[in-house]
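As structure tokens, the structure follows; a few thoughts come after it.
Naming follows writing order (A, B, C and D), and every chain is counted from residue 1.
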């Protein structure tokens, strides 16, 4: 068994394991190839299959230098990418999932939650907090796809809502980074209600005339796309990211025909007028920061809110 | 020469004469067949070519009893159709066209205006006023296609705006009946500006939360469709009426293909989500009146405006 | 559904059919023989079985009732509860989605904007209605109606009976996600009363897009779920055969959702389901709507908006250390 | 248009080309002969002819300059007048019309929403830009930008260079009329400053849909008309050959429109037209925009709206007995 076969074998096992976790949609689960000592040094590119030095890949924002495939980031990596070093202060990290339905399929939901916490090293499928981006304050949330497919249950909804409310209170821009298979079906109707809950709070933000930038990353589907992720004033996606409402397989089964290869990619969405920009990862921070700068100048002028520099940002969290 | 040929000949002559008047679009001009003693008794249906008793046709709202073709009405007939008998009081009838560009093509604009006044027996391409519809007050305007193809020049714009302002002042519903080839090019840019002028005033009406019902009749095109005619809260068209932005011939020349037969008909627009209702002429009054009743009940409740019955309608015109 | 049709039985109703047939046969005989004791016994048994079946309907059985092809559909309710009915059409930008209907009715003398998803009764109508699965244009048509209602201060009543938003190529190309998301957000901002009535299937985001309401009501045998039982079973149990287990686990019945605090009222149906008595179903729905409209009338525009936003703000179950 | 290109001459410029060629030839000769009197005379003549041509441009000649393929297009102005430029895309419902561009720039340190119609420079780009003729989706994209600007209190600057709204099958099916009408109405309701700059062709309703502005400016050689000269000639003179007559009769030049009170300022171009000096054209446009922005900054949101509405309220010529 050569190195490539070895990786492939591991990948398949991992994929099967993750698939059992279940997310609401038919996404091909791409597990991280490196998760133990044996492959810490090398990572196989999920775009072109080249073997890459892991350390080099990380330095390049997990973007393959050969094919520019944007490998999925963890929520924490995403925060590190966008927020200024040391500026991020997590909020609401102790909002934890319940099991309102006593849900059990092949495995109880409570067990899945524990597994997910272990696999993803994250308490839930989103991290939220306050930080700065090129010295401008922002409220930021990033989803963790490794946590049950980044699915939105009560905790994700509540954390997004609290973050949004904080953005309103402090008159800060809001940036949400989505990566999700959709609603978390193990919480049944309550997961569906998170769509209404987040959208409803975003209506308040909208009426307060505050900027909301939504960053859509591989993959964003279902109830997440169909609620907060699509409601940004400005919608940005990473190259090649797959974004949609229904999953490809469901659509193919419904319409009984093959879909075009680029269907539901970021580029397809741009072409179809659904998003504003497709931005390579290495430019994201500067462009988001510039967009915030452009918007907050004028908001200040009109609403005569306190200039950001004068808000004692972390003092009142 | 049989009676049919006789009519046909007359029709062609008349068509040529009217075409010379020029309207901004490539509409087939359908002249009224009856305009002198010889054919007062009979009218040839423009839908099925049947000869109809003129008096019977008029009694049937100028709708053919064989094919239900809706023959064009004059502005006055339209008012008579919708406003309660004796209730209509014309306003602004003395706003008359100028010749701001000293426009002259094969004939001076001033001559065309005089011809049009004679042909149409109307001072301009719209009649506006106040009346009641099944005892409910309304502000109503109806276009006169016989007057230079119902084209919108400064007078049409001004009269619509004054009518709209009156609807706002008296908190009345507004009904506009359009029938037009578009802007009146003999007034150049000033005719184009009537689009902005009417739309701008309708924005005020909209913000005042007053009902505006737009009735689109054969034919409505160009700058009229692309301004006030499409801005109704409720859009109603008569069966088979042709309604669009660009004329059929222009489009066929542009895209180099034949258009479907039903293209730009009222039914096509309904199918394509552009209008709310296609209503046969004999039902128009009652349905418009019902829609007004449904809307004005609630407006009263919310804004606590004076109930219509208490507005001394004609006292303050 | 105007003429009296024979009701198509569901599989779990088969024992009743069998019994009923037996009774009829026996009754014919007993007319000759004069012995009616057995018939009486059978009738007692019938009532007992019937009670057992209908009092203990499982979630998957409720789904079957909710999807019953003879169940009253939104247009049936709309036309029954108001003499006035002016249907309006179109999204103004290219399509009049037949899966979404809407227009003006009157309730208690008040003009009401009514909007519903609509399934077809036959193949031809289902082509037009797309089996009740709205396209983005359908949701934008609904959004236009929301704004119309807001402008003229009309309460909004929605009727929901949809398998879900349509998962198609064009639906994605025309941004189904955005259409749904916008409706969620804009419904949340309205200052008029909004009442949603789930009458049949409440299919996920496609249902929610009409249901961000001050009051959410459900017919007794309707269901409302984040995912279809079959879809959930296919993913979590890896076989659609476990739809029944999934239906139970997902908590999709009116009773479950009432207990979860997600809906505000259960509207009763006659035994067996609303399809056994359209008239009664429409009456019950109308009465319930009337009551809620009267209550909501007491709130100011701003209160109506806040009430709705706070209602959904509270949704969710989590622990906070 | 970044590298210096040779300018393609227009037909009425041909005398100048001939003269210029003669001068060059003579100059080569005179370098040998030492006789420069004739060259000097020719040069004087050149200047005289040039003056005659450019000072007395007829409307149809202005049209030709306005349509010159090397004329600066909206994106040229946008990119020249601001270092910052973030283009935004899409109508959110299925299309990103290439004939409409828009995004954020900075002028005088202030964020400005800029929107323009855009023609292509070659066949491939024109496929994308549809020769600068927007679809309904393009106008809805623009409308989205209007609302964005309104929300964030950004002044709006539009650049117009379009033959008109696209007259196509799909454009009609998607309701071109409604798209234009909505933009007229919604522009009228904005509370931010709106400045429209006609840079090339201002083609009828398709141009007006971006021009319901507090200030409407025109480049010296741009045109703005209710109908194309050719279209008008075909209808009223019954031949397109009379386009020149129609162009004159319609009063479509900046000077004419200024005198009619329809526009607020004429932005000068270099002799021959903006295509002879892109840099100068951009500078002139920027200066003019800056002045108007500064003036409009003095108005309150409500005043800005009223100013715009009253401006268009006054448009028209009629008598009132």
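Going forward, a contact is a pair of C-beta atoms (placed from the backbone, for glycine too) under 8 Å apart; a residue touches a chain by one contact, two chains touch by 3 or more.
Please read these numbers as outputs of a predicted model, since none were measured by experiment.
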Farthest chain from chain C, going by mean C-alpha coordinates, please. D
Which of B-C and A-C has more C-beta contact pairs: A-C
Compute the distance, rounded to whole Å, between the mean C-alpha positions of chain B and chain D. 33
Whole-Å separation of chain centres (CA-atom averages), chain B against chain C: 43
For chain A paired with chain B, centre-to-centre distance based on mean C-alpha positions, whole Å: 54
At least two partner chains per residue is the criterion; list those residues in chain B. 206, 272-274
Can you list the chain D residues in contact with two or more other chains? 92-94, 173-175, 178
Which pairs of chains touch one another in this structure? A-C, A-D, B-C, B-D, C-D
So, in the complex, the side of chain C touching chain A is made of residues 165-169, 171-178, 180-182, 184-186, 188-189, 204-205, 208, 211-212, 224-227, 232, 235-238, 245-246, 249-252, 257, 260, 262, 308-309, 312-313, 315-321
Can you check the complex and tell me which residues of chain D touch chain A? 84, 86-97, 104, 106, 109-111, 137, 141, 148, 151-154
Parts of chain A lying in touch with chain C, wherever the complex brings them together: 22-24, 26, 94-98, 100-101, 103-106, 153-155, 157-158, 161, 183, 185, 187-197, 199-204, 206-207, 222-223, 225-231, 244-247, 250-251, 254-255, 257, 259, 263-264, 272-274
In their shared complex, at which residues does chain D touch chain C? 92-94, 136, 140, 173-175, 178-179
Please output the residues of chain B touching chain C within their complex, sorted ascending. 206, 209, 211, 233-234, 270-277, 287, 290-291, 294-295, 297-299, 301-302
